[in-house]
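Once you scroll down, you'll see the structures, which are given as structure tokens.
Next, two complexes with subunit A in common: one pairs it with subunit B, the other with subunit C.
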Partner chain A sequence: MSKDNPIDPQILLAEERYKIISDIISEVYSKGEKHYSKTDLLDRVFLHPYLGIMIFLVVMWAMFHFTFEASAVFMVIIENIIEWLKGFALQIPNPVIASLIAEGIIGGVGFILVFVPPIFFMYFTISILEDSGYLARAAFVMDKIMVKMGLHGRSFIPLLLGFGCSVPGIMAARTVDGRENRLTTILVTPLMSCSARLPVYIMIAGAFFPLYQGTIVFLMYIIGIVFAILMALIFQKLIFKGKSSPFIMELPEYQTPTFHGSVIHTWERGVLFLKKAGTYLLFGAVLLWFISKMGPGGYDVPIAESYAGILGNAIAPLFVPLGFDWTIVTALIFGFFAKEIVVESLSIIYSVNGAAAIRLQLLGLMTPVTAFALMIFVLLYTPCIAAIGTIRKETNSWKWAMVSVVYQVGLAYSMAFLVVAVGGLIF
Partner chain B sequence: MFEEIREHYRIVFVNVVLNSIAFALAGVLQTLNAIMGYSIAFVGNNLLEGLVLVLVAFVFMHGVKCFVKGQGVDGYALAVAGALLVTILFLLHIIILATNALGFALGLEDWAEWQLAQDLNASIWLFPFALPIIRFYRMQRPKKTN
Partner chain C sequence: MRVKIALIGNPNVGKSVIFTNLTGLKQHTGNWPGKTVEQRVGYYEYDGYEFEVWDLPGVYSLSARSEDEEVARNFIVDSRPEVVVDIINAAQLERNLYLTLLLIELQVNLVVVLNMYDVVESKGDKIDVKRLSERIGAPVVVASAIKRMGMNELKRAIKDAIPEEHLKRINQEHIHLPGENDRDDHLHYHPRLHHHGQYERLRPPTIKYSTEIEYKLKKIVELMSKEKEILDRFPPRWLALRLFERDPQILAMVTNDELKQKILEVSR
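Showing the complex of A and B:
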């Protein structure tokens, strides 16, 4: 290895390893008349530099289309059950307890459970792609783009995991070589649209773009990827000035995924969402119910005079240029705890139950352009407290955790403003 | 070189050509439906789905190009990959159709006006065009030359 032409030691190791494997195989195995295997044939197309990317886009579109279109019926069924439970809880004689259970717990956590079908469906498709061996190919195909954009090839895996949840995505950045590459990956992973943002997208897209719901949500994921790449490029050029190192990955053989195996993997991932719903989403719902019912005037004050209203109204002037009123701002503030709480908050603030009721409220408050700006804001701002804590833990520095929060909020605000400004000119 | 494919060359080649034309037409029609607001029956009007169908057509067309240039294995691989994408789109729409039918059967409000014809779009009725490729692929694969 010379100074002028450095070769990554990992490449040398991999080459040596495969040379030994090849030597052993040539001694014990003689070539006969063999057929091309499924992997031989499909990899000629799926790993093609251009066709591979096109096929990846088709597969991603199919995944999101399936997630949102197929889960719609199940969402309505759960919504009807929640509605029935809410009516049942309202019959409790004590009005405070009835309100806490019906509007706080069932209206909040119960409403989030409506989004279990799309989240589980998405995990199911990710499991199928993973079990079939395609996900590794997707990483391989995207590697060239990653390196061109200044990211490390191995950054694709954390970014891909970020689609499910930012926390494991950030933790997976441990495998990325080089401090600068690792930091870049950690900082841009939260821009990948995690499953917690799904309820917000489904809610808004369903209200303002009902005919293109799946397409709009797919677009949000693409925008997330684009911003992750752009920010990585900016971090690499302006702050870190690091070099990318090659991506070495063994590709598994293609397998036909089994229904049983995919269901098990879906459950392993999905159960984390259910645990979250049962713990701090429940805590968030109770807290929100409390501050939206209580105010300086006592219990059951009008929502605008509650502590939630006071908090939202205090910060709302900052969001006037984006067209967000205090109810949206309050929901966004609570969204710092977890993105699911944005929808939960709206349900509690508007004191309504069911997606249709919230959509009606939103239709009266926003234009399609403002709604799209809100989706962009939710996509780009800090995913949750857990993600901030994980960044601090992984970088061992509060500085990088704060950098992550500040740049994401700034980016979210400026991009949402851009959408409103440009949208206002066009529509 | 590539003897098994040569035996059935005509079958695979004709199917790849048919699929490229069919998917290109369906994709363009669906894209136009979405952009211009037309409502051509059994085509669909989702812009991204229209573009997806055009991409599938492009995979098949690339296969045709490889066959014509004598790159049999690549042409065959592209035909199989294209057929696989068609199968994914077909299954996707069958599942969506089934869930919509469930909503209708349960009498849910949003599905009250649902009709079977709404979900019978190009991705479903074009699937039979890809079946011969899938059948051929399941029967035999090309030999490797030493």
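Showing the complex of A and C:
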């Protein structure tokens, strides 16, 4: 220790304390015959710097695959029930009310309900991973990468929550130390693929990549993580020039998850989706039905001449480079309110019966490359109006809320364009 | 008057379970004044005495960098509870002992709980509890809170940690006023550093650091000897430690710039 280069007294004291602690431990703690507990053994594998990441990826892939395989049959059942209800509603004598209920409410909200099984199954698998203690390990493994890349360690928890919904993720960014780190986390959390985007992926992947649904959706989630990390790096390096700090994370003991506990957790989260379907999505469906039926020419105009068609057509030229037609553009615009509405609006705009028919419509409209570009666009652009509101509230400024919207739309557009351009060269 | 007890420990050591085991339903919750941190206070009776348990937030250290740490540190410093119960996850002894050392620095009347001891045993490991107790100079109670094991032993250890006369005095609703000078009135743990007022419950630190550091601490205490107001609030050695590591909160209390400079010189 030289006079010119003094050691931080704080570190000096900490070292002193740890010296005393290790001295005490060597005196009082004796290892038994069994050198490793179950937790120690599992952690050796799951927390391994390289193996841990591979396992994390495999576990995530398996999770999505299971979600789709297990939910497929339930989706068909719900679809049939919805179809049956729709046929029932169409028998209402008043044609306007019949259309509102059959095409607006049942066609819109009902169609969303088809995606309840995959959402519930995904929550179920996440609950199992969480209760078993694995999810905390996954966060730990990812945290190591983030810190290596110069990000704040605590950022991973908000990002992880962003998988469920961006709003709690953004709010969890409060726990991140330092204003710059917090802002970065808030700005990139919406890039994590929230559960509201899942129906869009399932719909598009089901139409264009029926054999690889699980893998394609898994890919979306990974791309979301990659972009969150990349953008965070860019924000950190270019705007904030912050430095990273690791964080202490408590790793719980591994436990066998109970079926009962997992079901309860699944229900707690899943019920939020049902609530959303009954309120926002219902309202969105009615509104969409209204503007797609009404136009300057009155009620029941052809869809292209309705207000929705006019709006979509007005903005559609901007999306010509991406190969999205006006129906997709309209759906994307309404997707600003909530991502599920993208699916809802396509169902209302095409106003055809059943998921199979919508798939056929989409297949006629787009190439697989465009479809992939659309998924990327949905993944990267602003998740919903609630997220924008939360960003404003958490940063206490409209400026950052606007920054978030602008950069996400810009990123979504440019990346979707990149997909189309590169895809066009290859295929 | 009730005997004031504080529960402290790292996050996830089973502190809440112990709190509930001790107090049952006799508790009320609120927020620490001006903070978003939850405050829980509970009560229990043991051996004819009434105890008031304050559940402090789970912390890894007492550096007052986060709201949680600030709440925990200020409570111990300002309210000087009769006993501070440090709950340790026995399976994570190394990390948990760090906070224990910080509490020893604070010279509190310490009782240590080795919680989750069954986890250690299931690994086939052993902890020499008696030796641990000797090393840290505080009673150590073995417990497994989830199985409600060790709770009576803990209650007894808490009570035994307080000298009998003091317990009786609390029971007689006697409130000690600064300047009052009846000899057996308070706990003379450390006669030389005795002050009237709140700091008579100071225990001599049971763990000391290297002679070099201790020498510097003494120097800082000497430098501060004229700062009566600050010395009245904090245990002198603890104050010196904080000044030594340049704790911004404590350093800000030293308003004399020349003195501050001298202190910073020492810790260089």
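What we mean here is this: the second predicted complex is superposed on the first by the 392 of 427 C-alpha atoms of A that agree within 3 Å, B and C clash if a C-alpha of one lies under 4 Å from a C-alpha of the other, contacts with A are read in each partner's own complex, and residues count from 1 in each chain.
Everything that follows uses one rule, which is that a residue touches a chain if its C-beta (ideal position, glycine included) is under 8 Å from a C-beta of that chain, and two chains touch if they have at least 3 such contacts.
Note that the structure is predicted; figures quoted are calculated from it, not measured.
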Touching partner for A:44 - first (subunit B), second (subunit C), both, neither: first
First, second, both or neither for A:290, with subunit B first and subunit C second: neither
Partner with the higher number of touched subunit A residues, subunit C or subunit B: B
First (subunit B), second (subunit C), both or neither touched by A:417: neither
First, second, both or neither for A:21, with subunit B first and subunit C second: second
Footprint overlap on subunit A, comparing subunit B with subunit C: 31, 33-34, 36-37
Subunit C-touching residues of subunit A, taken from the complex the two chains share: 3, 6, 9-10, 12-13, 16-18, 20-22, 24-25, 27-34, 36-37, 248, 250, 252-253
Complex contact set, residues of subunit C against subunit A: 10-12, 60, 93-94, 97-98, 101-102, 119, 122-129, 131-132, 135-136, 207, 209-210, 213, 241, 244-246, 267-268
Partner subunit B, residues of subunit A touching it in the complex: 31, 33-38, 40-42, 44-46, 51, 54-55, 57-59, 61-62, 65-66, 69-74, 76-77, 80, 212, 214-215, 218
Contact footprint of subunit A on subunit B as seen in their complex: 46-49, 52, 55-56, 58-59, 62, 73-74, 76-78, 80-81, 84-85, 88-89, 92, 95-96, 99-100, 102-103, 106, 108, 110-111, 140-144, 146
